[in-house]
Structure formats: C-alpha cells, structure tokens
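Note that the chains take the letters A, B and C in the order they are written out, and that residue 1 is the start of every chain.
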Amino acid sequence: MSDPSIPLPPVEKARSPLSEAWEMFRRNHSAMAGLVILTFIVLGAIFGPMLYPTDPFDMVWAPFSPPGEEGYLLGTDYLGRDLMAQIIHGARVTLIIGLSAAIVTIVIGVTIGALAGFYRGWVEEVLMRITEFFQVLPTLLFSMVIVALFGATLPMITFAIGIVSWTAVARITRAEFLRIRELEYVTASRAAGAPSGKLMFKVILPNAAPPIIVQSALMVGSAILFEAGLSFLGLTDPNIVSWGQIIGSNRQYILESGYTVTIPGLAIFVTVLAISLVGDGLNDALNPKLRQR
Amino acid sequence: MSDALLEARNLSVRFPVRARGWGKKAYLTAVDDVSFTVKKGQTLAIVGESGSGKTTAALAIARLVAGETTGEVLLDGRDIVPLTGEQLKDMRRRVQVIFQDPYSSLNPRARVEDIVREPLDNLTDKPEAEKRQIVDQLFEAVGLRPEQKRLFPHQFSGGQRQRIGIARALSTRPEVIICDEAVSALDVAVQAQILNLLRRLQKDFGLTYLFISHDLGVVQHMCDSVAVMYMGKVVEHADRMDLFNNPLHPYTTALLSAVPSVDPTLRENARRILIPGDPPDPFNLPKGCRFVSRCPVAQAGCHDAAPPLEDKGGPHRVACHLVGAEAQSPLGVDAAARA
Amino acid sequence: MAPLLKVENLRIELTTRAGKAPVIDDLSLELNAGESISFVGESGCGKSMTALAIMGLLPEGVGRVTGGRILFDGEDLTKASDSRLRQIRGNEISMIFQEPMTSLNPVYTVGEQIAEVLRAHQGLSRTAAHGMAVELLDAVRIPNPKGRVNDYPFQMSGGQRQRVMIAIALACKPKILIADEPTTALDVTVQAQIFDLLRDLRRQTGTSIIMITHDMGAVAEMAERMIVMYAGRKAEEGPVAQVIERARHPYTSGLISCVPHIMAEITEERHELTEIPGIVPGLAEFGQDLCLFASRCPRRTERCVSKRPPEVPFPNAQSSACWHAEEM
C-alpha cells in the first residue's frame, strides 16, 4: 500500500522512559539546583577530609572561639576543636547514615510490599498486620530502645532508623503491585510463560519504581534528621563525628555560643532541603501524567 | 469437515468475593457450564455484552484466570485445565493471546524487541541467533520495520502497538490464538488494518482463532462460527451463515437488530427489537432463563427452568424453551401470529 | 429562515510544547432549528474541540479562538462574556459526554443533581425542582422514577447514568444538545435504547442535536446531515443518505468501507476490508497548505501535496474539500 512518492520516515531514536524522565528533570530549575548543591556536598564529603586534614578530635585552639578567629573559619567548640574540620569530616558519616538507612528501608519495605501485593491472600494478611504493628510503634522511642540495648555503633544506629521507617515504603510498594498486577501487560507476560520471580522483579517492580524512588530519596533526608535527633539525645557513637553529634555535644552551650549548634544545623538544613528538591523533581519527572504536557 | 482443535466442555469459572459476616464465602460465577468447539484453521467468535463472561471464558482457556476453573478444556483431545510445569509451558507455546488494550498490554519499560521475544525466552530453548532471526521475521510479517525493534512502546501509535502484540503472540508459532477484543480500542481506520492483518496471518500460518468481541459487524467479518453469551451462559452456537441469517434466540435477534447499520434496506426491513432494561445483577440471577427479565416473548415456563443448549438441526444449538424442533425464531412466530 | 447556529471560518489554535497549531482550521457549518447533524472522523480530528468551542469550554490557556465567528441566534459566542456563556450553556446549549460515570458527582443523588440545574437556571423552588426531576427521569424512561430519584450514581448502570445525563442536559429545554460519543462506553442493546430515546425526545421537544461519533452506522441512524472532519478541517458535508450512497471525499468513502457492516444479506464470501493506511497526522503537521489527507490517500496527485483543496459544492447540497471530488 505504501507509495514510492512518500519516503518512509527515518526511525526515531530509542527513548527509554528513564531518559525522558531525565529530560523532564533537567527542565525543573529547583530540582536541578538541589542536585547541584547535593553533588557539591557529596564531593565535599568524599574529598574534603583530604583537602582539610585537620583531625576533628584534636584540640587546636581555645574553646568557644567565634568563627574567623585565628584562621579557624568556623571557630572552635567547647573543647577547642576545629568546627570546620568537624563539619567536613562529619559530612561523610551523616551521608552514609542517611544513605544506608534508606537502603535498609527500601530492602525491607520493597520485599514485604512486593510479596504482599503479588501473592495476596494470607501472605498479604500476615505481612500487612506486621507492617501495621511497626507503624503504630512510637518511632523515636523504639529506635532509642534498640540503640540503648545493642550499643550506639554506626551499623546499629542505621539499623534502628531503618527498622522504624520501612512501613511507608512497604505500603507504597504494595499499592503499586496491586495496581500493576492487574494490568494487561502482566497477564501478557504470564501468557508468555514468565515465572513468578520474573513477574515480580523484572516486570512489575521496574514499573512500580517511580514512587518508591521518590519515597527513598526523601527517606535519605528524614534519616539524616532522625540521626540528628538521636545524637541530640546523646545516643551516638562518641568515636565518630556526625553533624547531629556536633549539635548534641554542644547543646549545653547553645546560649553562650550559638554558632556551634547553628552551623551544623544549617548544614543539615541545606542537605535535607537539597534532597527534598531532588525528590520533588523526581516525583514530577517520573509521573507519566505530568509528562504528557 | 475439519476436526475440533479446541473444545470447552462444561467450563465454569467462579471468583470468591467478600461476603458479609465471618466465615461465609460468596462466589461470583462469571462463566457457568459453557461448552463450545473451535475447528482447526477456523475462527470461533464469542459475542456478548459486558458482563457476559466472554473474556473470562477466553482467559480461562489460556489458563490466565485467578478464579476457580472447573470442567474441561480439550486441546487436541487433551484436557489442559490440570496441567502444570513443563506441560503447561508446552500448552502456552501452542495457545497464545492478543490483548484488548494496546496501551496497557505492552510493558512500558521494555524494548519492543524484548516484548516480542518474551515467549521465546520463557517457553523455548532456541539458540540466541535463531530467536533474533524469528523476531526480525515477525516484525516484517506484522508490517513493522526491524529497525524499530530497539524502541519503546510509547514511541508507537495504537495500531503499531497492536501489531507488536500480534508479533508477540506469534513468536512461538502457536496453533491457537485467542483475540480478546483485539481491535475494540482502535480507531476505525486502524481497526481495518489490523483485521486484514489477522486474516492474512490466519491464512499464512494456518492459525485457529478464538475471537472475543462485542462488535457484531467485526464478528460477522472474521468468524466461521459464533457462540453468543449472555450472563455467563452460551445462549446460541451456530455457523456464521446460520446465525446471521437465521438467529433463533430472542437475545441474538435483539442484539443483531440493535446494531446501527449503514445499509438502508436493512434499516427499512429490520424491525428494531428493543429489549428493555439492563442485564440482571450477577449475584441475583433469575431462577429460570437468564434472559427472562428482558425477553420480549417470555412465557410463564421461562421463569421456572433454565433452558439447556440444544441442537435444533444443523449444528445450530440454542438455549431457549420457545425454539421448536423446526428451528424457527420465537420472535418470527410471534410477529406472524400478530399479523 | 436564518440558521440557529452558524460557524464561520472558525480557527482555533492550541498551544503545545512545540508551538502553536491550528486544531480547527477554517471551519464553517450551519445548524437549523430542530435539525440533527453529526460530526464524524477519527480521534484527533477536532470533532470534540469544535463542540467545546461552541460551548465556550475550550481548555483555558491552551486553546484559543483566533479567527472566525460562532453565531448562535445571531449572537457571536466568541465575543460573549463568561457570564453570558454560562447562561447560554445551561439554558440554550447543553452537552452530554462519553463517560457517564465521571460526569456525575458521586456524593449527590441523581435527583439532587437534576434539581440543582433547575434551581440554578430556572429559579425553581426546592420542591418544584424535585418534582420536575422525577418527571425528567420518567421522560428519559427510567423505571420507577419516584424511587430512583434518590439513588446515587453508583447505584445505577451505565445506561441509566447516561439517561440521567440526558435528563440534566434537557432540564432547561435547550435549543441545541451536543452529544459527544454518547454511547461509546455502552453495550449495543443499551445504545439502541439511548438512540431511541434521543430520537423521541427530539421529536417531542424540537431540540437540535449535534452528535459526535466515529461510527457511520450511528450516523446513518441518528443524523440527517453529516460533517466529516479530518485533521481540523472539514473534509465533506452533506445529507447522510447521499454521502453514504456516494461519498465525494476519499476519506469519507474510506471511513464507510473500512468497517465491516452487517448488511441485509450476509454472504459466504468476504472481501478484504478497505484500509486507510497510516494514522491521523500529529498536531505539528496541521495547518499546512496542502491536503492533509494526501499521505493516506489512494488518489493522491502532485496537486494534493502542493495546495490545500477548496470546498467544492455540488448541486445536491453535498460539498467536499478534495481536488478529485468530481471524479469520485
């Protein structure tokens, strides 16, 4: 039927849903600003300690010297330690806690949500009752108990944060699985003989990913805040330095030298804000309904 | 006459639904004791309106429903309902499905090449080179260009997507293809392209179709025989010419007369039989014939017993108390009596 | 007699990411009082957009009338104020849509929704409006209207919901009823009921009907005149029986012959369906100075791709925008 006078149009380039999402993300100014700030913070956390090797635990000068004095850009804390060194070295720990707590959250949440949404029936009943149990626990209290019982080490703090925050991810994952498993392409994969594992992780999960990704990004931010909260209450590893721990240890002197609390507080604020901006940007970029416009 | 390749015998599908109160179990019977046959190389159309159970019946045959299936589905004389493991895989190689909605039947995150070869990957152990060759051939066969195979579904139009779905269904060289409302989501012009393609492929590959549709015009064009379903039951099962020229069940007659037509002679000759009301509540079906609440010629006896699907001469089977052995439509008889 | 509705050289531009495109490009049409016409075409041809423009409901900020006039009873609706348009929408022109589920508000009973329209536009009292709602439900043949008036939309079937929509649309006795694919979501036996109802109501009230559809069979049953649209332009216009008998535009004849119809006599032999190859062009290609159907047309010649064909009138009230209209 095709007429020689009208040539076939050239085949367009393959555009994956992810590359289209990136296009969309790039056009979102606030999300890009968040991404730039976040990149800067991450690079600082990785390379900062090499460029600024001062040991954050060393007493370098008189306590409570305000920022700028004697070349210490951010001043010193109540023990005369360099606040600048603490912020730079603490960035790494803070980000690691945020990231790994988010990973713990995703692993637990996605597994439970996926199993519940895919298998339905009694599996769903049992798993969702467990989820509800964790949801009604007072989160801060429960994580304090864990850290107090098993010791304030970095892995235990991460685990404590993860164990109290996975329920949201589990609920989102289950809802997405319930929706997607009824779509025709899942039935089509079934007709094509795909086994359950493949259906769950290769067919449904990638399509369920967008809201999970957004939730996880925001989870990094809230994990950082959570860690700050625990540190503020003194539940932290004294051998490491994190932003929350700086605030926690200086909290008695908040009235005399506010900067020792304000500066790490600002660092947390900027980081969490940047993560939120990126998370919102991801939400818009990954939402196919918004992309149509 | 050719042999039956696919046969449903007393097929029923029911879904458990939440009932009020603890411990009680309620069921929705979507397909109720249904039998039909599809001959090798031919097309059987299952026609019905929404809620008739036609799609559930088709998906049950493809072993794709979650509900409880009872009865037998014979493929080449062998029951496929209890199959598992390797035998189920073998059955899936032989029976494939084309789905209704070209927008939701393709995984948006997979390249179309991977979509088309999914049945090959899961159901066969052909070498990689052969699979690639098959995919290229299928793209040509359904009217797509092999250069397009790296693209994603959203880069195609509705008609092209349906061609991809067809290529996927063909990839294991199945004998039976179930077309579940395969063209109803498409624009009329594109629908013609797909219908022609399906008929060409049937000829080229010797396919047997189970064609599910609510569109009687399309069914008339595609089928060799028809089973009409109403509320989970087959009410009439006949060859194409028989059914369209001499519909016997009042529901079939009403359904046919309801289709708007461009043919002025048909519009003038046909008495529009308007059936009142809506289909009954599937949880609260009439005790006798399920069509009784809307039937224009229902009699007292119709309320008491469900009519069985009986042979009324030729291979023309009808489930209606009022169709006599001489195979005359009760509506026709009624009209003659009044005149 | 002056026509009830007259659309003159209407042009509507849609703003997309790629720029402005004319979704409706120089469209003219007339509708007489009591007449029933139909807009036909595939999706994306501008049928619904035309209807929305007549209703003054173009998507705000996206679509805009940039040329031409829409004259209703001599009044130009493209220049009417928002409040005047609201007045016209309720009382003079009303519309029913494809999906009766989403057009009704799920938290109010159908009676309340009908009464609401009557109170807003006709100033009826609460009890009078309620009584009128029962009458309207009876008019659209809902059994037991006194009882059903207190039902919520979810308690009704799709066909009944569409009847309620018709009751709401007819509540203020409009002069024009626009029905946008009113039966696409319904079963064919229910469609027959709705068509029957619309025909009777038109006979009783003298309302003009504009039905938007892609189904030539429905056009043949429901309309006196049809307007075939393609890519934002009018391809063909004429009395329904004549156009079906002898279409003067290849797109129209394609639309008629590409669908397998049930005819009076079913024969053993079945021909291949006539295909219209390809698909409707995207918005970006609208508005070019050529025949936009050319890329899919079996009669394409050099002229078709170099200049937009003008509308050619025929003595029998048919007209066609095709360079080859006379040959067909």
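The criterion applied here is as follows: a contact is a pair of C-beta atoms (placed from the backbone, for glycine too) under 8 Å apart; a residue touches a chain by one contact, two chains touch by 3 or more.
None of the values given here were measured: they were computed from a predicted structure.
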Chain pair with the most C-beta contacts: B-C
Longest centre-to-centre distance from subunit C, chain (CA-based): A
Where subunit B and subunit C are represented by their mean Cα positions, the distance between them in whole Å: 31
Cα-centroid distance, subunit A relative to subunit C, in whole angstrom: 51
Rounded Å distance between subunit A and subunit B, as computed from the means of their C-alpha atoms: 49
Of all residues in subunit B, the ones touching two or more other chains: none
Per-residue multi-chain contacts in subunit C, two or more chains: 275, 277
Sites on subunit C touched by subunit B in the complex: 42-43, 143, 157, 159-160, 187-193, 195-196, 214-218, 220-222, 241, 244, 254-256, 258-266, 268, 270, 272-277, 279-280
Subunit B to subunit C touching residues, read off their complex: 49-50, 157-159, 187-193, 195-196, 199, 214, 216-218, 220-222, 240-241, 244-245, 254-267, 269-270, 272, 274-278
Complex contact set, residues of subunit A against subunit B: 8, 11-12, 14-17, 183-185, 187-195, 198, 203, 206-207
Of subunit B, residues touching subunit A in the complex: 59, 62, 64, 89, 92-93, 96-97, 99-101, 104-109, 111, 118-119, 122-123, 145, 147-148, 150-152, 154-155, 165, 168
